[in-house]
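For clarity, chains are labelled A, B and C in written order, and residue numbers in each chain start from 1.
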Amino acid sequence: MKMQRTIVVFALGVAVALLAGWVAFPRALYLQKQQPLEFRHKTHAEKSGVADCNECHALRDDGTFAGLPAMEKCAGCHSERIGTSNAEATLVDTYIKPGNETPWLVYAQQPANVWFSHAIHVKRAGLTCTECHSTYGESDQVKLYEVNRISGYSRDIWGHSISRLRRAPHDGMKMSDCEECHRKHQVEVGCLGCHE
Amino acid sequence: MSGTPARYGMVIDLDRCTGCGACMVACAAENNVAPTPQATPRTGVTPMLVRKVSNGMHGATRRETFIPIMCMHCEHETPCVKVCPQQAVEVDKATGIVMQMPQRCLGCRYCMTACPYHARYFNWRDPVWPAGMEKSLNPGVATRMRGVVEKCNLCHARLHSANEKAAAAGRREIDMADYVPACGEACPTNAIHFGNLADQNDPVTREAHSANAFRMLARIGTEPKVYYKSKDPWVRALAESASGPGKFSERPAERLAASASEVHHG
Amino acid sequence: MKVTRRDLLVWGAGAAAGIAFTPVPWKILDDVSIWSQNWSWIPQPARGPVEVKQSFCTLCPNGCGLRVRTGAGWPVGIAGMSTHPITRGALCPLAFAAHQLNWHPQRLRAVRHQSSTSSWAAAQAAFSKACSEGKVVVIDGYAGRAASQIFEAFAEKRGSYRVAASPETRALAPYESWSGVPANALGYDLENAQTVVSFGAPMLDGWGAPGRFTRLWAERAAGMADPQLRLIQIDASLTRTATKAWQWISIRPGTEDALVAGAARFLLEEHLVPANGPMPPLTLVDAASQTGLTTDAIRNLARTIVAKPPVVAIAGGNNPAVAALNVALGALGQTGGIVLRSKQKKVYESADAVIPKARAVVIDSTVPWDFVPRTDAEIFRFAAWDGGSNKAEWLLPAPGFLEELTDVPTAPTSAVETYAVAPAVAKPTAEVHSAAQFLASFDAELNSTDKIIHARCEEIFRARAGSLYGRETTPVAQVASAQKLEEQLRSGAVWVGEPLKTASLKSNLLKCNLKEWPADTRPERSEDWAAEWPAPVLPPLALKLYQESSLREPPERKTV
């Protein structure tokens, strides 16, 4: 009798812990944040004939990567409103006209001591954008940005799966993910190859 | 990196060094070392440090010279690598650079004890810059926190840029003109020659094997990749003296006893 | 069914066991480790594109060429400009951390009047009143700039203009007084000299622009037993230059003049030099006893000086005896000696002289901080950094390092005329005005710096002389238009004039009117590199040179 009760109560404890750990914890750990604008890649691809990622996310002359384009790039077309959306109105009125950079929240933001070179991975290793960034370039909505309350980095770094089991290749940008790919392709780099 | 592994090293011409200290300041600026108004020679962080040494004489026969000391990037039985409990320092196979990773360091400072050249420095405090000065930080180099050891990494941020530039231009090898460490770039007399010692055609390799070239404490067998050269025998003799380029002495140990009052205390 | 304490404990044990099979402990460990490595109070560099801009250092009159790396719009790194024909990429130790000076804790950000905060409006009102009540003297520490032209124009109408010259220019003052040729029109033809005798001048440690002599010495003398360029250093103690020189002659402190006189006497008596006089009054024996050398040593030194001509003697400051030695050596107006580099006739009044009754004195930010004018006038002191106690009534915040467009006239020691334009690379973070801007606001007839620079570029184009040194070297005669020339100059090119053939000019320099050997000269002591630095503060990282190491002695300055 007592043993049965002990087992039941113990099992209850385990169940609650598992529920808390697998369901409640991931929800509590991440805080959702809004991007300053509702940017749609698909709209830009269709309407303005910007078909190639490189048009906005380009390598500069010295080999550094422009990353998220500066406001200058957007102003190239949007110096005045050319559409009807609220997002564009915000862009033109709050950022382009006053000359402020849009404070995008960067999904792939790494700590300051990490050095990643797009030039080396794209040009030398021949990686395509989708291999690490998935098909985000074809999306018609801006991706949800979730920040880890403890570490301060985007959920995209750890990956969406909290257990990291059955993870898609482009889901996660931790050091172990970089190491995995390097091991697979047998490209050895020392610590300073990736760190500053 | 690709192709044959490089062995980046230097030849420092001591006859040209005037002890101005431009290399020290340029190194500190490049590596985002914080200004430390309270520091002393014992507590300061000077990844490049120029030491003044003398021939031990006084009066008209006295001569002094200046020896820039930084990490020697030892190739053989690298002392700091052998003692680190964290594997926070490693010899890079592709470049020969002894890579110090402050991110892994736990601050035991065993490496500082092990380094025969006293070329490692400890961050006693968190770096603090006067308000606004953080805008002047060099983007290629991450800042460190207190409690970790740092040292010369042969301006690897510049190696990164050179490598990236080469990749963008479709080349596998970097252009050595793009990779010049801050100290070499700064030296007004061009006393610091940086190059790839694995490349037989590199003029630095030839210089390193010239008659007047020598290395510090060569007898202990660390095989440093930083060479020095001087036409003066008394300067070459300093390399093997008991105290070596000791951190706080300014003369060979044999002469220390003679005039203790003139030893500068850090 | 009562819930007991035992239930709670068993439940707790179950929960603890269960947690281990959830991501919680592992994820929290990972997250906390990341958090602990990214303390928010440790600044990291800004992200963004890095650009390289060319400009020139304006912290001392040598105007060394700079390449400035900027990140997020702010300077983040300094390197030398290898294409600069005079400095050739060399810089002094201070330049590499100079981009941090603008945030020095002692940066002057507000107008101060008698140690309390004031305003630009109040300063302008006070100056306006002063102008109406009497004469205004303007003191410039860096003559020849566009700003200097504004000072001169202002002072012409309202008072007088004076120059606080650098030690290399002050050393040329004796020639100015003997021949009437302005010191600013003279230079040292070191490129062609084979023997340089320095009487206490820190040739390898702060004399002139770092690239000028140190590069020549490094290429022609360093490490050579029989160098092409012989540097003879006369110093009482073992200075950096002395230890690296080909020969170091150690004399008693302050006896340079006696040595010069002794050596000159020997050279003149033995007819080892082209000149015939004037003869120094000191005998060789007296010179020997004063300097502590033997007479033989002085004779040997004299013979060595003339052994490998051309030879030029250089002093640490205004030293008429050394100047007289150059006259005796025949170094005036000759290749390898003191040469004429420009046809400028205007002689500037030195700021060292007592200032006659003036109502106000304006001191430009280029004048060294510890320069104290001998006057009772109201002093309007422009400065970018506050050096502490200063008798100036008004402290006015001036633009700091690379914060304003300015130009770079010929460097003090150069043997040829040069010109460059230094664009601004950093933004001021407080309301700052240069002395030139301030004065121009009182007089609508005065031109702006920008317009004067434009006019100078046009002048250079019209003269069709000299070359532009940038990524390529182009003779001015081949530049298509004045606009193209100005564009090049505004993006970091350097104009270098042609050397003047002094002999064919029949200049007064050759007829230096020296009747007798200078007596009672009170020569200046040579200053080290940091002491002559106009700003009252050194870049913070420069502390590494004397506080965090025993490399250098702390600079002797009133404030640091």
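Please note the rule applied: contacts are C-beta pairs under 8 Å (C-beta built on N, C-alpha and C of every residue); 3 or more make two chains touch, one makes a residue touch a chain.
Given the structure is predicted, the values throughout are model-derived calculations rather than measurements.
If you compare A-C with B-C, the chain pair joined by more contacting C-beta pairs is B-C. Seen from the C-alpha centroid of chain A, the farthest chain centroid is that of C. Each chain gets a centre from the mean of its Cα atoms; for chain A and chain B, those two points are 39 Å apart. The centroid of the Cα atoms in chain A and the matching centroid in chain C are 50 Å apart.
Look at where the CA atoms of chain B average out and do the same for chain C: the two points lie 29 Å apart. Shown for chain A are the residues that touch two or more other chains, namely 62, 64, 111-112. Contact of a single residue of chain B with at least two other chains is seen at positions 103, 140-143. In chain C, the residues that touch at least two other chains are 37, 44-45, 47, 50. The part of chain A that touches chain B in the complex is made up of residues 59, 61-64, 111-113, 115, 117, 119-120, 123-124, 188-193, 195-196. Within the complex formed with chain C, the residues of chain B that make contact are 13, 15-16, 18-22, 24-26, 28-30, 32-33, 35-37, 39-41, 43-46, 49-52, 59-60, 62-66, 103, 126-127, 129-143, 145, 182, 185-186, 188-191, 229-231, 248, 250, 264, 266.
On the side of chain C, the complex with chain B involves touching residues 37, 39, 41-48, 50, 69, 71-72, 74-80, 89-97, 99-100, 102-105, 204-205, 210-211, 214-215, 217-218, 222-225, 238, 240-241, 243-244, 248, 250, 429, 529, 539-545, 547-552. Residue ranges on chain A touching chain C, taken from their complex, read 5-6, 9-18, 20-22, 25-26, 29, 60, 62, 64, 66-67, 111-112, 148, 150-153, 158, 162-163.
Chain B contributes residues 1, 90, 92-95, 97, 99, 101-104, 140-143, 153, 156-157, 159-161, 163-170, 172 to its touches with chain A in the complex.
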